[in-house]
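Listed next: structures, encoded as structure tokens.
The following pair of complexes shares a single chain, chain A, combined with chain B in the former and chain C in the latter.
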Partner chain A sequence: MPRYAGHFTICTPMKFSLAIYSAPHASQSAASALRFAKALLAGGHEIYRIFFYCDGVQNSNMIAAPPQDEADLISEWQALQQKHNLDLVVCIAAAQRRGVLSQREAHRLEKPVANLAEGFDLAGLGQLTDAVANSERLITFGG
Partner chain B sequence: MTLHIVSKSPFSCQALHDCLQSLVEGDALLLIEDGVYALQHQALQSLQETRIYCLTADSEARGLQTSSAPDSVEIIDDTRWVQLCTEHNPIVSWFR
Partner chain C sequence: MSNRTLALCRAAPYGSALAREGIEAVLASAAMEQDIDLLFLGDGIFQLLDNQAPEAIGQKSLRRNLKALPMFGVEELYVCQSSLEERGILPEQIQIPGAEVTLVEKPGELIAAYQCVLSF
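Entry: the complex of A and B
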């Protein structure tokens, strides 16, 4: 099968999930994931879920305050979530370890701060398995 | 056919090396982020049969001359990146 149909390729919409393993400040990979997510949506594809794991949970830390001349990925994820009603899921065990807590978890663990950004949900690793089972493609962003 | 995505420089990381160990005929290689530095690495010279892609935003951000890249390398934008991901399965990311 030819890779090109003339100059353009006919592309049927697909269901994608993304797994993000890196903090926004640590490397380029979370920013790449955001760019890729935007390109997916622009191409008419569906994002079934974006799963934040390991240091990737820092993408949902709403009290992180990056310098003004650096990208604010947390706000950008939130804006994209609102616009496209994305399912942004943060691994609960990875988040607890790194101090990213929802109101409910902060209360349960008797911590003074809840800092999970709006638009993100805490859930277990089962949600990554579910994403793999229900998506046609899983792309991992790490390092 | 697998799409291998390498995001680390071959000058500082084993990622490309490890990727090439598992690459089989028909697979494609995509260089992103610091992975684009592979354009200046001899490892690509041995990949005559493999389709190699390089993300233009990342090579431009690093000031790499894509004109001097091997002929087998196709310089692509984000739209084509998405398209490559629809054409290949699975997609394996190399970043360690």
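Entry: the complex of A and C
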């Protein structure tokens, strides 16, 4: 039986990766990516990796504090990561440019704060290449 | 060309970070010995223009990164012909030393031939 994920009809379970290029509150792209990820998992598909690049690194910025009546994508990514043990990878070079640092990077670069949210890992662009090589579909959001 | 990747370059070089970070992703991919080709379309054409002077606006040259592509084995640069014509740019203005620039009339058909497409 075909499964319905929004406008898509995907018949057989597949291995997906997502590339996310937009910040949570600047456009709808990151929220769409989150909804798409949930739809994939609900449809029995596998998510190999979610790669955050360009302004998408802001999805892992734990000191973002949106108003209470607005979506909190960072927490939602974390909850989804915990539930499905997702591989959430943030491009380290893009994150450094935009001020998203792990404890280790903050220490190494002599910056006063570390703000990479738990559940996300900093890594190089090679992880995007690896996701391309090891997924049946790569879906890009934003940019 | 089933295992090749195509990177779409759609953004002008200095108006946003997308063009630079796209080329960085392409170079990273090529450094890992993945087969990757590029298609420049829309305002992405402007990335290829010669005689850029980005230092005048405090930017690093993106063309310098593009010139590094052949050194990483990326030698096939496709350019959307209608995007070029719409912007009044001539093919001789968008040459990269060591790379082959091929004008494409039907970008859709080119894209469809690739197993994976990265979009920047």
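Convention: the second predicted complex is superposed on the first by the 132 of 143 C-alpha atoms of A that agree within 3 Å, B and C clash if a C-alpha of one lies under 4 Å from a C-alpha of the other, contacts with A are read in each partner's own complex, and residues count from 1 in each chain.
Convention: a contact is a pair of C-beta atoms (placed from the backbone, for glycine too) under 8 Å apart; a residue touches a chain by one contact, two chains touch by 3 or more.
The structure displayed is predicted, hence computed values, not measured ones.
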{"item": "Partner chain(s) touched by A:71 [first = chain B, second = chain C, both, neither]", "value": "neither"}
{"item": "Chain B versus chain C as contact partner of A:124, first or second or both or neither", "value": "second"}
{"item": "Partner chain(s) touched by A:45 [first = chain B, second = chain C, both, neither]", "value": "first"}
{"item": "Which superposed partner A:16 touches (first chain B, second chain C, both, neither)", "value": "first"}
{"item": "Partner chain in contact with A:32 - chain B first, chain C second, else both or neither", "value": "first"}
{"item": "Chain A residues touched - chain C or chain B, whichever exceeds", "value": "B"}
{"item": "Partner chain in contact with A:143 - chain B first, chain C second, else both or neither", "value": "both"}
{"item": "Touched partner set for A:93, first chain B, second chain C, both or neither", "value": "second"}
{"item": "Residues of chain A that lie at the interface with chain B and also at the interface with chain C", "value": "138, 140, 143"}
{"item": "In the complex with chain A, residue positions of chain B that touch it", "value": "5, 7-8, 15, 32-34, 57-58, 78-79, 81-83, 85-87, 89-91, 93, 95-96"}
{"item": "Chain A to chain B touching residues, read off their complex", "value": "3, 9, 11-12, 14, 16, 27-29, 32, 35-36, 38-40, 42-43, 45, 136-143"}
{"item": "Chain C residues within the chain A interface of the complex", "value": "5, 11, 17-18, 21, 24-25, 28-29, 32, 34, 116-120"}
{"item": "Complex interface listing, chain A residues touching chain C", "value": "19, 21, 53-55, 93-94, 97, 124-126, 128-130, 132-133, 138, 140, 143"}
